[in-house]
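Same chain, two partners: chain A is paired with chain B first, then with chain C.
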Partner chain A sequence: MSQANNSRFPAWSPKALLRNRAFLTVAIVILVWIVAGFAKPGFGSYGHLRYLLELAAVIGLVAIGQTYVVIAGGIDLSVGAIVTVSAVGVPLVALSGDGGGAFAVLIILAAATSIGFLNGLGVAYLRIHPMIMTLAMATFLQGVLILIAGGTAISAQNPLLAWLGNARIIGIPAGVLLWAVVSGAALAVLHATPFGARLYALGANPLASALSGINVQATTMAVYAVSGLTAGLAGVLILGMNGQGYVGIGDPYLLASIAAVVLGGTSILGGSGSYAGTIPGAILLVTITALITVVNASAGWRSILFGSLILLLLLLSGRESQRR
Partner chain B sequence: MTPQAIIKANGLSKSFFGNPVLQNVSIALEPGRIHALLGENGAGKSTLINLLSGALAPDGGEIEIDGRSHRRLTPSEARRAGIAVVQQELSLTSDLSIAENIGLGAYPRRFGLIDYKALARKAREVCDLVGLEENLSTPVGDLPLGRRQMVEIAKALFRKPRILVLDEPTSSLSAHEAQTLTRLLQRLRQEGTAILYISHRLNEVMRLCEHVTVLKDGKVTADRSLQGVDAAGLVRLMVGRDPGDLFPHWTPSPERQTIVEVAGFSSGLLRDIDLDIKRGEILGLGGLVGQGQEDLLLGLYGALPASARRAVFNNVAGLPSSVSRANALGLAYVPADRKREGLHLIHSIAWNMMLPDFGKARGLSRRDPAAERKLATELADRLSIKGDLTRQVQALSGGNQQKVALAKWMPADPPILLLNDPTRGVDVETKREIYVLLRRFAAQGKAIVLSSSDTPELVHLCDRVAVMREGGIAALLEREQISEEAIVAAAMGAEAAKVAA
Partner chain C sequence: MSSLTRTGDDRLYWRAQGERNRGLMGLFAVVAAFLALYAYLFPGLLSVAGVSKFAQSWLPLALVAMAQAILMLTGGISLAIGATVSLGAVIAATTMSGYFGVAGGIVAVSASGLAIGALCGVIAIRLRLPAIIVTLAASFIIGGLALLILPRPGGAIPGWFSDLLAGNTPAALGLVFLVALLWKLYLATPLGLSLYAAGENPVGAYRAGVPVDAARIAAYAISGLLSTLAGLFIAAQTGSGDPVIGQAFTLNSIAAAVLGGVGFLGGRGTMRGAIAGSLLLSVMINVMFFLGFPPVAQYVAQGLIIIGAVALPQLTARFRRRP
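Up next is the complex of A and B:
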């Protein structure tokens, strides 16, 4: 039996590793870190790398949901707005009896999940294209935020968030630990559960998935809800690190999350990829940003350089492989 | 070979990822001859066509056109040489009209713009040839599959080809359309076109073709005139052994309990039909293409909105409201268009086999990789799917893909199987395997509904045949009444009535 199994399921080979996009992205990150470490004093210090990881944690959290959604054949353009909702919302729902601050966080996470769920509802039942649905949702949320918060920054008095943003456990920032734990769970769900398999099914062929007995609507709603939840989590973390939230705080994370997903080798067409690639993708992204700030140029030129570098990296790490 | 061949391939070889698909294959197409290309799925027929049309470059060998030899033929060189291919996978753009599709890539120009008048005129000419009477501005997406196939053929003719390659042109055609095609090909032959004809329907080949090349495992096993060869002889050439009976011996199953009963059932095209499906039988659905066979299957399966006055499925009253509900009631559906509806081409064979279970299992439960591998290996062994199960399904031949589409339902052991043309584009050997499998299922007491465009299949395999016509059941034939004549007569009844009206 094991003999037969071996021929049916070839053993793992080192060659396969070279075609693994997650592994390749990790390799690029390590290479960039080594080169930058030599080229620029202080880059390779533990403190600096730790700082990069803290920044990557926020992008990484947003990108969990984005990876799920993209694998399932959609896209979520509302993640930036949900991050802002969460960062601005926690101080607003602060209640007098909520001494530890956990209650406010839970309320906001539930709200973020519900927003994602609404996205899913629109995509699954009203059959609105994901791009339109989530973009409309983002615009709607932006309007609500302006009405509620206006142009002022809102400070949070939340002990839980303060701890999340500043504490270190054996030298590792709590935010990075949070990212690590949630990432582990996200990877397990994606690769070791039927729900994860359904995402790959949906992204590759929704029609065949439906005819195979997969509940396409329920899965779609669930995946956008997950995206709302992880974006909400990222917002909470930013608020903890920043101390205050303001309208627009989440905006950079929309493009960053999509870039991290694609840099990590997940096909934008859906059906293939893994969060295992998105993790180094997020780290690569903040590393490039950090390197570019060193260049003595105006913000405009830095932005141009950043965009060009992302394109270059995508070309280097293999274009979208041929699909039918 | 013969000096007057228009196109000649000498010793072509081609490998994909180190697997030799064609080895030292030679073929010569002569003007005014219909040349059959036979072989099981995966024998290399499609690859050979792709080499001849320049879509792929050979690893070895050469292609000679009018005496000039090419190491590598580009698609535009092939087009200029007058090669036109009618693909098995339709290559039409569904949003464009019939005329636009026909002219695509070769639009007549006037002052640099498309000359729609000339296009319409020329398109009309070729449409008349293939018997397409539809308005030429109809979007192709609105046509049934059989008509689209005719558009595809018209598109090839539009280029006035000297060499016409047809890859299974009749698999989605009705009997009437197939006849039109036969007449057309005979006319083209007289006009001196060289025709390469690929089909799994041996009767057609026997009737139409003069010469045959047989491929088996990428090698030519026969290249000869069809004079004095019979159908059994052809099958022997293809599978390399005696064919035996294509169809297994029919024996009635002991169990004949009714498992599905619907009355006043409407869905899609279907209006108010009554039907019961029994355990231990294969119920055939015949008729012309697109008379509501698919709507019936999809309606029963909960994939298409349906209504019924009375419905009982497996002792439960009511129609299944969703596919998951239908699965829970013991129904499984194997679609006709396996690439679009049945399979996840970019995922592995083993993964595809597990899919219904992924849909059914608790979403956040743990998958058991060892059990999945074991089950996939068992299924592959049972259906004789060979090789590495981690390959993408799109790497498989049509027959093997169909086996995967069937295999994925077997772990659930559903008592009611709805099959939509399961042998379309499947080679003889795999067809036989599927037939044996279906009769075995019936003997085990499963109920099978088999929609088929292949009439012999209905005659030899089914216990009862419901002939569909315009969204209704035109005739329900019992075993002793089933014959090709009876099925065709019932299917055509509508056309006669229409003429009368």
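Up next is the complex of A and C:
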């Protein structure tokens, strides 16, 4: 029993810390912030860092579901479309008797969760490869959204969202607080519940998990539903920060969420990693983007820099060690 | 292959081909049905000009579908296809009107495609990084290069070259057949033979002495070449280069390959399937246009068709297994 405990909570040592990907990513973020703070006046100011965290909160929320799905051995290419569904959908379902705006938000979150659930249904029961299922879902949603919402931006008159996007509690933006709370819950579910343990088992070896009595279908559907829910939350937050939603608003968050997951050390093959690494991964991603914007370069050079930095960071942190 | 002395081999070859065709019959039937519907709606299709125009709208998609399929057969994937198409288009538009002319432009486009594809392959295979992330990062780098070469749409393609490829000649259809023929020849080379083995069972193939890494890197290089050539054709079609023209091709190439029955795990699928998949997508878009659907309805249909095409064989197989 004591041995099992030891393997789960290894004794603290500097070496173990260096091998911990989540810690490594945090260290890289801090290093980049310190260097950039000295090199560029204003970068290290509280206001700027707080702004970076607000941007990271959206990516971080989308990346919760993406981390879950990737750990369970899948991938979700529909998160960008679901973010758009929720950012465009909240103004569309606005009801007259809904003064606080909470009802519209709840409806949309339920809709986002059911879209994720449908993804899970296709993956679990129709046995469609996750990449195909979620890609087809994204294509489908994109068409439906343009048919319903058209090409114009839709403004939201929703007090709850306005508060979420602009309020500061003790100087901390509400969006960042939301991210912190949801992250805490996500980490707890991942590391301290049977559901979290099933995700790792499913990602490591689906056949063995099925044979050892895990309900693979139910777990798969649940994990995609979680992904839909967190993408929906992110869409609500963007709408609050932006004031209006339009078709395509969520597109950048698909690749950003995958990049954050991988930069945080979660294996794209499934079965290992943690959301604890994805959090600094998301912050690292927005920091890189901000640094590139600070460097006064043309659009082409900015794009090249961004791609090269992701490759470089991948070499440092996301290397797949155990193949062949 | 002489039929007198090696009849046994021949029979095995055709049996293997038949086995590969088995899952594709449904797809071929659907493609034929859509083509018939298209010809019924638009009788002008059944003329040299009609066939030429249709083949021209189909060729870029067919090329990127093949570019994606060759990677998926080896167990890889590329999210950089769209950016590579754009790069091919801008290189064509900037070099062809220059000193080296059309021939120089074709060489530049082909060489850059091969080089970029091979580089992606070396990074993904040799450094053991996940292909999906490497090509995602590469799509930013390649897209940036395209923007550096041509920050806004411009450049020029000589008029006679545009007329040759995208005028009233069925040249595009001929190119599809030519590329399909070259693919058959490639499959007969040692690297081509290793392709399916490397995708189906990399460890087993490696232990059996198959050059797994070389086959995979070659697949990336060929994929890059096909993508930039698709860009070259688009540039010839539009008469100029556009640094972001290829974006939609990344997802469409995956969709076409998947419709064609190419699997994500490697070793499963055929190139003729991928070409048929791209043909289906292309015909579908044209038919929906003729039926008066809004252009975006094609996304809805595309999503449903992909899910249906992948789910149906699974479902029928399960019902057959459970008597």
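Convention: the second predicted complex is superposed on the first by the 310 of 324 C-alpha atoms of A that agree within 3 Å, B and C clash if a C-alpha of one lies under 4 Å from a C-alpha of the other, contacts with A are read in each partner's own complex, and residues count from 1 in each chain.
Just so it is clear, a contact is a pair of C-beta atoms (placed from the backbone, for glycine too) under 8 Å apart; a residue touches a chain by one contact, two chains touch by 3 or more.
These numbers come from a predicted model, not from an experiment.
K.L.:
Please indicate which partner A:Ser272 is in contact with in the superposed arrangement: first for chain B, second for chain C, both, or neither.
P.N.:
first
K.L.:
Applying the document's definition of touch, where does A:Ala299 land relative to chain B and chain C: first, second, both, or neither?
P.N.:
Touch partner of A:Ala299: chain C, not chain B.
K.L.:
So, A:Ser212: does it touch chain B (first), chain C (second), both, or neither?
P.N.:
first
K.L.:
Return first, second, both or neither, reflecting whether A:Met241 touches chain B, chain C, both chains, or no partner chain.
P.N.:
neither
K.L.:
Based on the superposed arrangement, let me know which partner A:Leu190 touches: chain B (first), chain C (second), both, or neither?
P.N.:
Neither chain B nor chain C is touched by A:Leu190.
K.L.:
Please work out whether A:Met133 is in contact with chain B alone, chain C alone, both, or neither, and reply first, second, both or neither.
P.N.:
The second partner, chain C, only.
K.L.:
Once the shared chain is lined up, is A:Ala259 touching chain B (first), chain C (second), both, or neither of them?
P.N.:
Second partner only, chain C.
K.L.:
Counting touched residues of chain A, say whether chain B or chain C comes out ahead.
P.N.:
C
K.L.:
Both chain B and chain C contact which residues of chain A?
P.N.:
Shared contact residues on chain A (touching chain B in one complex, chain C in the other): 323-324.
K.L.:
Please give the residue numbers of chain A that touch chain C in the complex, ascending.
P.N.:
75, 122, 126-129, 131-133, 135-144, 146-147, 255, 258-259, 262, 268-269, 298-308, 310-311, 314-315, 318-321, 323-324
K.L.:
Please give the residue numbers of chain A that touch chain B in the complex, ascending.
P.N.:
1, 4-5, 7-10, 189, 192-195, 197-198, 200-201, 204-205, 207-215, 222, 271-272, 323-324
K.L.:
Please name which positions on chain C make contact with chain A in the complex.
P.N.:
77, 79, 123, 127-130, 132-134, 136-148, 151, 202-203, 206, 251, 254-255, 258, 263-264, 294, 296-304, 306-307, 310-311, 314-315
K.L.:
Sort out for me which residues of chain B touch chain A in the complex.
P.N.:
Touching chain A: residues 301, 303, 322-324, 326-327, 333, 335, 339-347, 350-351, 354-367, 373-374, 376-377, 380-381, 387-390, 394, 408 of chain B.
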